[in-house]
Each structure stands twice: as structure tokens, then as C-alpha cells.
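Each of the next two complexes has subunit A plus one other chain: subunit B in the first, subunit C in the second.
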Partner chain A sequence: MPSLTLLGQSVLSGVFIGALYGLLGLGLTLSWGLLRQINLAHFALVFLGAYLNYQLASAGLDPLLTLAVTAPAFFVFGVALHWLLARFSVSPLNTLLVTFGFMVMIESLIQWIWTADFRRMENHYGNVRWKVGELYVPLPELLTLIVAAALAYGVWALLRYTDLGKAMRAASEDAPVAAAFGINEKRLALLLSGACAAFAAVAGVCLALSHTLAPAQIYAWIGVVFAAVMIGGLGNPVGALVAGIVIGVSEALTMALIAPAWAPLVSFTLLIAYLLFRPHRLA
Partner chain B sequence: MKPLALFAAVGAAFAVVPFLGLPAFYESFLYLVFHWIVLATSWNLLSGYSGYFSFGHAAFFGAGVYSTAVLAGKAGWPFLLTLPVAAAVPAALGVALGAIVFRLPALRGELFALITLALMFVFATIVLNTPLDGGPGVYMSAVEVPALAPTPSGSFYLLALILALGTVGIAYSVYRSRFGTGLFAIHDDEDVAEVMGVPTYRYKLAALALSCALAGLAGGIHGVFVSYVTVGETFSGWLALNVILMAALGGTRHWAGPAVGAAAVTVMTFYFTTSDYAIAGRALVGLIFIVVILFMPNGLLGRFAVRKPLAARSEATAAGTIAVQGKREEPILVVRGAKKAFKGVQALAGVDLEVRRGEILGLVGPNGSGKSTLINVVSGHYPIDGGSMVFEGRELAGQAPHRVARSGIARTYQIPRPFAHLSVLENVALPPMFGQVRMDRRAAQAEAWRWLAFTGLEKKALQFPKDLNLHERKFLELARALASRPKLLFLDEVLSGLTPSEIDGAVRTIRAIREQGATIVFVEHVMRAVMELTDRVVVLTNGRSIAQGAPREVMRDPQVIDAYLGSAHA
Partner chain C sequence: MNRFCQAAALLLSFVVALPQAFAQAPVRIGMTLSLTGPIAAPGAIQKVATETYVEDLNRRGGLLGRKVELILKDDQSRPDMARTLYEQLVTVDKVDLIMGPYGTANILSAMAVAQRYNKILLHNSFGTPRQAKYEMQFSTSGGAFDIEDVWPNLVLNAVGSAPKPPKTIAIVTSKFPSLHFISVGAREVAKKRGLQEVLYLEYEFGNRDFGPIASRIKDAKPDFIWFGAGGIDPVLILDSMKKIDYQPPMHFYMFPAPGPMVKVPEARNALAFTTFEEHPPFTANPRAAEFIKAYRERGAKAGLPDTSVDLLASICYSMWQTLETAANATRSIDDKTLAAWLRKNHVDSIMGRLEWGGPQNYVTGKDIYKIKQLQGGKWQVVWPPEFAAPGAKLLGN
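Here is the complex of A and B:
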């Protein structure tokens, strides 16, 4: 049995990694829940964002400032992606295939520019950490948690309380009827798709701050992040974050109490259990 | 040429290759082509035919690889004895997964895709962390391979050839069978397929098991072929992508599509990986993938995927009557206290209803009174909350919809729901294949021709539902319901949206149906037709039956007038 401090530290790191799951899941849950698109390219975008961040930071730019470049650029990509999918009226399942193609292309691009080697961003945030009681709190991870919580809550409130958010939910429920009530659902969808891609840029910064990067790792995030998205409820940004943290903490405890190598099974087990016992919560 | 002869000829032609004394390169290259043909075709059996996309084919392939690796490489079993295990282990794992996912009420397709993707990482983790592999990989260079040909590479070539021929043969016979027709129906509209009698859950599991077993066999052979297997190489997302690309490129709705796609992609990848542009080649494969899905959603063989009719128009079954078994006028369906609620809305609040053999029973009531819900509950589409429904002495509550269909109940949908990718003829031929009498495809099509003639859709038989207008789609619904020769037929607003002259024609048609011996429950708002057609009428309001009897009397009932027009008129 590991010491209490060790357990506390691993729960804390579980919360931090879970926040990253939730942040990656934010764009996914919105595009799946509201646009009926399952966007695998999102993962590749997050990594592209992280690599761009790495590149610009090596040139001396503050990691957080690089967002001013990457977020608008990704927004445009998201708009273009949705335009393409809508133009060819791609079915929900086929969006999975088309974005799979984009994921492979972006992965090849990353590998071509930055090679398959591991890259680690050196920056002044990485070395800052505080000691709270017995526990260490690193700044990059804390930043991720704050950003993830703020974005998730912000998007949730936007969807719930503003006219724009209500229009988006109406358009996703029944686009033709929403259009008949004067909602420009096509433009809203483009906007939303762009926003999802911009969220990928934000997640990319957080990923680069706290993780070592390699192109092949894109695939490693898919299972666990989608588990968070599904357990959290499609289209529910706060749900994805909470589910992400639950998964993150369970993984961390598995690592501490059993063995690190078994952690990848945790999200899958949770998801299967969820599907078995709460199948009606989906959709 | 007969397909069997064609298979034999192709097999024989390729079987001589190892005996020609060509350089081993050719055998090994063709081995890879066959290997990918097996993987792509086996993937297509479930994912192409039924539309449940699996992203985890590598997981099942890998389960086969490691079954053979552990048994032959570590435990010293003879190679051929390990192959049945390499097929059985992935099949069992696939069925266990399907048993959970295929039962879900919603998003089955999307969840299946993502869970199979996750499954690959799960299998990889398990194999890596247990003595199955443990990390260093498994060597199989000492495993003896039966000498089928003069050289070892020739022997692998022949093994892969046999497996490829077998797999494509299975894909061909499934494509032509009742099983395959059921899978295609699942692809287009799973709920309707189930209501028409297709045992969807069992079919999906069977297709998944077959698909996994064939992928596992390919894995068992491939592991020994490469002679050293590692977790990283075996469980790769790249394999799943490749397989889907091949099937989508060739055409997922044709039995030969994945094989054609596999051959094309294998040749293409070979040229790229041996050149200096391996990364660019990978990106190009991703690009081709996108372009194919966008511009050729049906693949290279898409235009050939339309199945030719087995029975010609002249073979239409002679008009016979649907045998009326049992006495006329006796109750055929007795519903007592049927209850159904949707999130607080009590759609059925205890409906009592009796349908008598040989009658046309009108089921009327204002919008939202529970008419369609009653049909959905009787046909098993929605599970009933309480009460009983006894059809010919058998309780229907709790039965799967396909069992209800087999007991002789058919229905139409108010908004027509044809199978979009099946021809009109095949749409109508589906219920007889899965109804009370389980006809083969040929007999079912002969039967379908008869009902197409009956409903005047003969000329449209080889077209697709999208080519029909609303009137024709409604009649397609009707023909489809009739083709199963139901004892009890529910017609859900077949007249709505038709012009007055079309209604006259439809009324004549429905009379003719009753003449053939079916019992009909007729849900309709067009009162003129209700008055003309029905023997008795039951009125529903707010999920309860408030009146029943002869049409003219019931319509004078103050309660009924109140329900329809409000109390001011009563």
C-alpha cells in the first residue's frame, strides 16, 4: 500500500490529466452532439497545435501568445472542414472516415516537418511548481485545469442562456424547422465547427506545456477521450470534463495501486460498464 | 460461367505459380495481396454489408496472430492445429463485444466504430502486460510449416491463396443468401428490418463472428510468415485504415469490391514504400481515402452492386388467397389494458381492443390519441409497459419484433420507410423471406412480382425507392406488407397525402386485400374511406378506447363527436 502522500499526489495528477481529456473532448462533444460529425481529425489538430506551439516557443514567443496565431488559423480550418462535409452531405458515419483521412494527412505532415522523434517544449512555465501541504502542484497542469474548466463552463453557459446558444441547439435538433424560424443554421454550423477547431488549438497549447510530443501518440488519445465524451453525454461540455476527470483519477489510482501498464484499460472498462448499466443516457 | 467454375478456374490458375520456379519475390508479393484480400473481404462481411463500421479489425487480426504465436511459438503445437484456435478466439471476443454494443437503443453504429477502435489498444495492453507476449515479442522461426510447395514461400503463398478463395467465396454466398439480404436491410433501416422479421441482433453477431474468425485466420498465418511478431507491429491503427480504404475503394456493397480494392492498394503501397517517399505516400493514401468517400461513395464496383433479380416478371406467383385458418368472426387479436408512456406522456392509458378474423377494423381518433403507438406496441417496435396482447392464443408482450412478424402480423409505416439501397423488387421480396413461410430469395421474388402487379408497381420493380413519388411509395409500403401474406395487417394512414382519385383506387385495393382473406386494422383520418371500408370502428382518445361498433352508429356517439370537435358541437 503506497503512502497517503503518494496516493494524494496521484489523485491530483489524475485530476490534471483528466482536465486535459476534457479539454480535448470539448471540441469533439460539440461537433458530435450538435453537428452529428465524429471528428477524428480533432486529435491530429490538437497535436498540430502543440507542435506549432513548440516551434513558435523555440523562436522565443510566449507559449500562451502563440494562440493568437494558431486559434484563428484553426478556426478557418474548422470552417473549411464543415463546408466540405456539408457540401457533399456526408453521413455521420462517413464523417468518421473522411476525418480519419485528414488525421492521417496531418500526422504525415507533422512527421515530415518535425520527424517521428520525441519533442519537448522548453519554457519558463515548465519549471514553476508550488508545494501545497505535502503535495506538489505544477503550473502547466494547473493552467490546463483552469482553462478546461473555464472553457467548459463558458460554452455550457453560452449554449444554455444566450440566444446564439439556443439557436445552435435548435438547429441541431431540427435544422429545417430552425431555418423556418429565421435561424441561419448553415452559418451557425460553420461557426461552431470553426470554434471546435479553435478549441483544438487551445488544447494543443496545454498538451505542449505538459507533455512530450511524438506524431504516433495522436492515436493513443482517441480511445480515452471518446470514452469521456460518451460518458459525459454528447454535446455536454461540462459532462465531458467531469467524465474526463473521473477517468483520469481512476487511471492514476490504477497506476499507483496495481501497475502503470494497466492504465489504458481503465477508460475502456468504465465505458463498457456505463454502456451496460446506463445505455439510455446516450444520445 | 457459373461462379463455382469461375472460382475453381481462378484458384487453379494461381495454384500453379509456386511450381513455375519464379523468384521467391513474386510468391511473397502475391502472398501479401491475398493476405489483404482476406482482411478487407472479412471486414466487409460485417461492416460493408450491414453498415456497422469496425475500426478494430487489427484487434481481431492480432488476437489470431497471438493465438498462433503463443500455441505454436511458445507451447510447441503443430502450426495447422493452432489455426482453428486463431479463428475461434477472435470470434469469441467479437461476439462478447457485440453482445453488449448491438443491444444499445441508440447510436449503435457510431459506438461500435469507436469501441472497436478502443478495443485495439485494450488487446495491445493485455498482450503486452501478460505472458502472452510480455514485451520482447515472439519468435516463430522454429515453427514448421507443412510443405505444400517446393519452397517455404510457396507454401505460405498456397495457404493464403486457399484462405483468400475461401473468404471471397463466403462473401459471395452471403451476398446471394437470405443472411446477406438481411444484412443489407440492416444497413438501410435496422428497425424496419426487425419489424419485417429479420432477426437483426443474431444476424449482426453472426456476421461479426464470421468476420473476426477470418481475420484471425489471416493473423495466424501471417504471424508465422513474418516469423517474429511484436505488439506494436500487430495492433496498428494503420491496418484498420488500410482495410477500410481497400473496401471503400473497391465498393462495400459488392462481394468482390474489397478484393479489387485490396489488390489495387497493395500494389500502390508497395511502390510507395519501396520508393524514397514513404511519408508522402502515407499522406497520399489519406487523401485518396477522402476523395473516394466524397466522390465515389459506392466505390469502383459501385455501379455493379445492383443485384440482378433472380426471378423474372413472368414467374410471378399465381394469385391465390391467403388461407383463412380458423373461424371468421372469432377474435384473432385481443388487447387488454395496454399501457405505454413516453417520458411522462401517457400515450396508451389502458387500451382494450378486439380484432375479429376477416374484418376490417377502423381505428380512429384525433391526432395524438395513441393510434400509431398502438401499432408500434403490437408490432414490438416499442416494448409495452403493461397489459396483454394475445394473438391467436399467443402472448405478444415481450416478444422481439421479428418474432411478432413471423407469427403473421405485418404493418405499413405512415411515412414510408423503404430500404433505400434495395430495388423496389427486393424491398417487396424481403418480408416473404423472413415471414411465416421462410421462402428462398427466388421464390420470394416471384411472390414480390405478384404483389407489385397487385399494387401497379410492376414497371418500377427494378428502380430504387428514391425514384418513386409519394403515391408509389405508399403502395410500396402496402406491397411490402402484403408480400409476407399476413394474417393481420395494420395499415397506418396509407391514404394521407393522396389525391381523391388516388384514394378511390386505394380503397378498391384494400377491399381486394380483404377478399384475399387478410384481417385488417385500418388507421385513417380520411372519414369517407373509413365509412366505406370498415366493418367496425374503435375510437381512441387520450390513450383510451371510448367507443366501438358499426361505423355510422359510433360516429353519432356524443362522446366521439366531443373528442373530435369539442363539446360545443355535441
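Here is the complex of A and C:
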């Protein structure tokens, strides 16, 4: 019988990794749900952000401050990507192919600059952890959880309560009708795409704080983050975070109680169950 | 008559020059490495080692007096791609010889192609020797046929020599085929040697979260942890253990990425397999010393974060040494001639003596692997004692 400490620490570990799933899924769910773009390049951008963070932090910059450089740069990239996709009227399904191409290109760029070898960011955050009762709370993971929750709820509130958010949702729902009401759908789409890319920069910082980097690891996150985004509901930032945490905790408990080898089955089992019982949520 | 003499002289010069012209044609050697994909990190190391060797070989006059032309392709860490590329190397590029790729699955793919075209295949990282059934395949990694028995015994002999030998063991292994195969062997060996197994865990290759695994290890309180882990997994495991304030007792990792481990304070006294480290007695070999210098220069230019020569670079270098030695001994690059020679002879590589006289061109019951330990931020061989770095002894945590 596993100890309560083991269970508690595993649940905590699941919450933290789940928060990272949610943070990685934030830009993806927004671009998929509101822009109808399945942006695979988002994963590569997260890693590019992580590598840039590693590089700038290695030069002496605080890892969190690197966002002052990467987030605006990624915003511009996101705007440019959307402009390109809109310019050539790429259909939602074809965005999958086009952005896959971008993902491969960014992966190659990363490997060209930083080689295929593993990179690990040395930072003072990594050495900070607190003991709460019998459980340990590491700072990088806690930061990830706080950032993921703040961004998810912030974006959710923006979409729900502000004119800008309502305009974005309206443009996503029915662009011609929204345009008839004076909404500049094209400009909003550019703004949203830029924001999604900036979120990738944020996720990149969190990833670099707690994980060792290698270019090929881009692909390791796709399946589980897609599951979180789909279970959470497309275009729903809080949904992606909650689903990410549910998957993370389920995986962690599977590892703690049954066998670690079974953990990868969890996300897809949950996804299949979800699709069977609530398929309309994906529409 | 004068015209006849001129024609005869021309013909004679042509006849004399023809073999020389052919002698100048390079020996074309084809291989793939994983330059992209999940095993690109070791692939990058082996690329540098390969290019270093070939450059040096050509500077020394090449193979049998002919320059070596290396045709290196990226198999993207994919066995299916490796198979296609080896097929292409033989049928389209028409190489004279092929050399093995990196990693068990890719080597198995290359072996099938080699068998189809009766090509000799030297390889250096095949983790399941019993599957190597082609009679012209030769492992140059220095590993035994029965590694699932030899390697765990080597490790347990080493930790058994510690001031406080372990009584309990936790075995945590990736399901990556070769790592898993050897870890299952370790389970058997530990049982035979009377160690109590307090935990056995398997995890999928590519696992992202090691938190719960670390918690389970901490809960099990083993004296010694065997990690059937390679690449970056050991660093991720150590990170997870650090987060729950757990410093492992004696801990062994099968094939860690050596560079990143050095930077992890929690990895102190970690044990791992090796065939070569940059200290005596290995560096007493002049060729090894030359190789270290050249590899470091080329590695730095290639942007490798760690440019020290250890297992990955040395097994690759030894593969090329084996080819050169066999070609020089037989004065031939014919596949069957080389294979016949290797079966009956040995090669003294920078790692030690390589032999192929046993089952499936392996040796049984012994090999040239050693145990290294991360001491004072440096990897040093600690077992067997005759290969230990000067003054180094195995330390417990």
C-alpha cells in the first residue's frame, strides 16, 4: 500500500505537469477554437522560446526577464504567420500541414544553432523548494502553475467580459455578420495570432526552467497537449488548463499506484472516453 | 616504323597509367547516423568521431593507399529510414563498404540490407546481441554476447566493493528495448546474488514526468538503484529526486548523456558504463591521445557542448580502427575476406582488445566494459581496479 506522502507528492507532481500541459495548450486552443487554425508550429515556438531563454539566461539575464525580448518577438512572428495563412487562404485542415512544415523548419533551426545535444539551463530558481508538511513544492513548477492559471483565467475573462473579447468571439462565430457590426475581423485575427505566439514564449520559459531541452522533444508533447486542448474544449483557455491538470494527475497516480509504463495510455483513454460521451463539445 | 613506335609508346604509357588511375580512385564508404530525431545527440558525437577518424586516415594515406570518401546520410533516428538509406547506399551510391548506424533498431535495419547484398557490417551500439544473426556482422562495441549477464555482474561486483555493500536494490528501467533487456537481466543477477529487490518499475521511452517515479523510489528506501536509463532520462530522474529532497544512495545509470550529468550536483558519485575515459591507462595509447586532441577540436567546431572522449566516441573510433586493421591485414576491402579475417583474429583498439570468435561473432562471459563514477565533477573509471583512474576508488553516497 503506497504511503500518503507518496500519493500526495504524486498528485502535486501531476498538478504541476498538468499546468504545463495547459500552458502549452493555451495558444493552441485559442488559434484552433477562434482562428480555426490547427497550429502545430506552436510546439516548435515553445521550444524556440525555451532555447532563447536558455541562451539569454546563460548570458546572465534572469530567465523571467528574457520574456521582455522573446514575447514581443514571438508576437510579431505570430502576426506574420497569420498574415501568411490568410494571404493564401489556407483552409483549417491545410493549416495543419503548413504549420507542420513550419514546425520542422523551426526544429531544424534550433538544431542548427544549438545542436541536437541536450541543453540544461542553470538557474537559481531550480534550487528553491519549500517543504509543506511532508510534501515538497519546487519553485519552477509552482511558477508554471501560477503563470498558467493567471494566463488561462485572464484570457478567459478577457474573452468573456471585454468588448475586445466579445468581438473576437463574434468574429470567430460568424465573421461576415461580425463585420457588418463594425468588427475588424482581420485585425483581431492578427492580434490573436500574435498573442498565441507570445503565449508560446511564456510556455517556453516555464519549460526551460524545469526541463532539459533537445530539439526532438518537440514531438513528445504534441499528443498529450492535443488531448488536453480537445478535452478542455476548443477556444476555452480554462478548459485546457483543467483538462491538462486532470490528465497530469491521472498520469501521476497511474505511475504511483500501478506502473509508470501505463501512464501514456491515460491521456488518450481520457480523450477517447470524452469523445464518446461529449462529441459535440469539439464542434 | 616511327608511327608504330609512337603508337606503342602511347599504348604502353596508357597501360602503365591505367592501374595507377584506378589506384587513385577513392574507397567509398557509406553509413547513416541519426543526425536528427530522438537519438540525434549520440548521433552528433559519432559524426564528429567518424569525421575525425576519416580525416586522420586520409592524412595517413587512406585505406590501402586509396583515399576514403565518406558518404554519410541522416537516418532521422528512424529504422525504416535507415533501411531505405542503406539500400540506397548499396544500389545507387554503389559504395565499396558500409558501416553501421547508431542504435539497436537502426543497426537491425542496416543488417537486413547488408545480408541481402552480402556486405560486411561493422557496428558499435547493438544492445540485443542475440538478434544479430547475420554471419558478416561484427560488433565493435566490445560488449559480450551475454551482456544481460555480464554487465549486471560487472555493476554488482563494483558496488559490492564499496565500503558498505548494498543489501537491497531498486531497478527502474525504460522500456527502450536494449535498456529493458539488460535491466531484466540485472533482475535475475541481483536475485542470484542475494540482493533483495524492493522496487521494480518500467516506464515508456519518452516519459516526461519522473516525479511519481522519484517518490516511489524514495518510499522504497533501496541501498542501490539500477536505472536502465539512457540519454537525458538520468538527468530528468535526478531533477525529480532533487525536487523531493531525496539524494539517492549508490546509483547506476546505464548510458547517460555524459555532458549534462556533469552539471547536475545531485549526480555526484553516479555510476555508469564506459569503455574509455580521458585518463590513464587509456590515454597511454598514443593514438588515443591523438584522437582526443583532434576530437576536441572538431567537436568544439561542431558546437558539441561536451567535447570529451568517452564511450560513444570511443566505440565509433574503434569501429573504424577495426576496418582499417582488417583491410591492412588482408590487403583487401572484399567483404567476405574481411569477415573471414575478423572471425579468426583480434583488433587492439583504443578501448582494448576486440574479438569475434564466439557465437554470432561475439565473445561470451567477459567483455571490455568498465564502470565509471562521477567524482568531483569528472567521470573516472573506478572498476575494474586495473583500469581505475590514478587514485580513484568507488565511493558510496
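In this text, the second predicted complex is superposed on the first by the 283 of 283 C-alpha atoms of A that agree within 3 Å, B and C clash if a C-alpha of one lies under 4 Å from a C-alpha of the other, contacts with A are read in each partner's own complex, and residues count from 1 in each chain.
Quick note on the criterion: contacts are C-beta pairs under 8 Å (C-beta built on N, C-alpha and C of every residue); 3 or more make two chains touch, one makes a residue touch a chain.
What you see is a predicted model, and the numbers here were worked out from it, not measured in a lab.
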item: Combined model on subunit A where subunit B meets subunit C, clash or fit; value: clash
item: First (subunit B), second (subunit C), both or neither touched by A:Ala259; value: both
item: Subunit B versus subunit C as contact partner of A:Leu6, first or second or both or neither; value: second
item: Touched partner set for A:Met230, first subunit B, second subunit C, both or neither; value: first
item: Contacts of A:Thr212 with subunit B and subunit C, given as first, second, both or neither; value: second
item: Partner chain(s) touched by A:Gln111 [first = subunit B, second = subunit C, both, neither]; value: both
item: First, second, both or neither for A:Tyr153, with subunit B first and subunit C second; value: neither
item: Touched partner set for A:Trp130, first subunit B, second subunit C, both or neither; value: neither
item: Partner chain(s) touched by A:Phe268 [first = subunit B, second = subunit C, both, neither]; value: first
item: Subunit B versus subunit C as contact partner of A:Pro138, first or second or both or neither; value: second
item: Residues of subunit A that lie at the interface with subunit B and also at the interface with subunit C; value: 107-108, 111, 220, 259, 261, 264
item: Contacting residues of subunit A [partner subunit B, same complex]; value: 32, 38, 84, 88, 90, 92-94, 96-98, 100-105, 107-109, 111-112, 219-220, 222-223, 226-227, 230, 259, 261-262, 264-265, 267-268, 271-272, 275-276, 279-280, 282-283
item: Contact set on subunit A toward subunit C in their complex; value: 2-3, 5-6, 9-10, 12-14, 16-17, 107-108, 111, 114-120, 122, 126, 129, 131, 136, 138, 141, 210-212, 214-217, 220-221, 224, 248, 251-253, 255-256, 259-261, 263-264
item: Residues on subunit C engaged by subunit A in the complex (per definition of touch); value: 35-38, 40-41, 43-45, 77, 175, 201-204, 206-209, 211-213, 215-216, 218-219, 231-232, 235-236, 239-240, 243-245, 257, 259-260, 263-264, 302-306
item: Residue ranges of subunit B in contact with subunit A within the complex; value: 51, 53, 100-101, 103-107, 109-111, 113-115, 117-119, 121-122, 125-126, 128-129, 237, 241, 244, 248, 279-280, 282-283, 285-287, 289-290, 293-294, 297
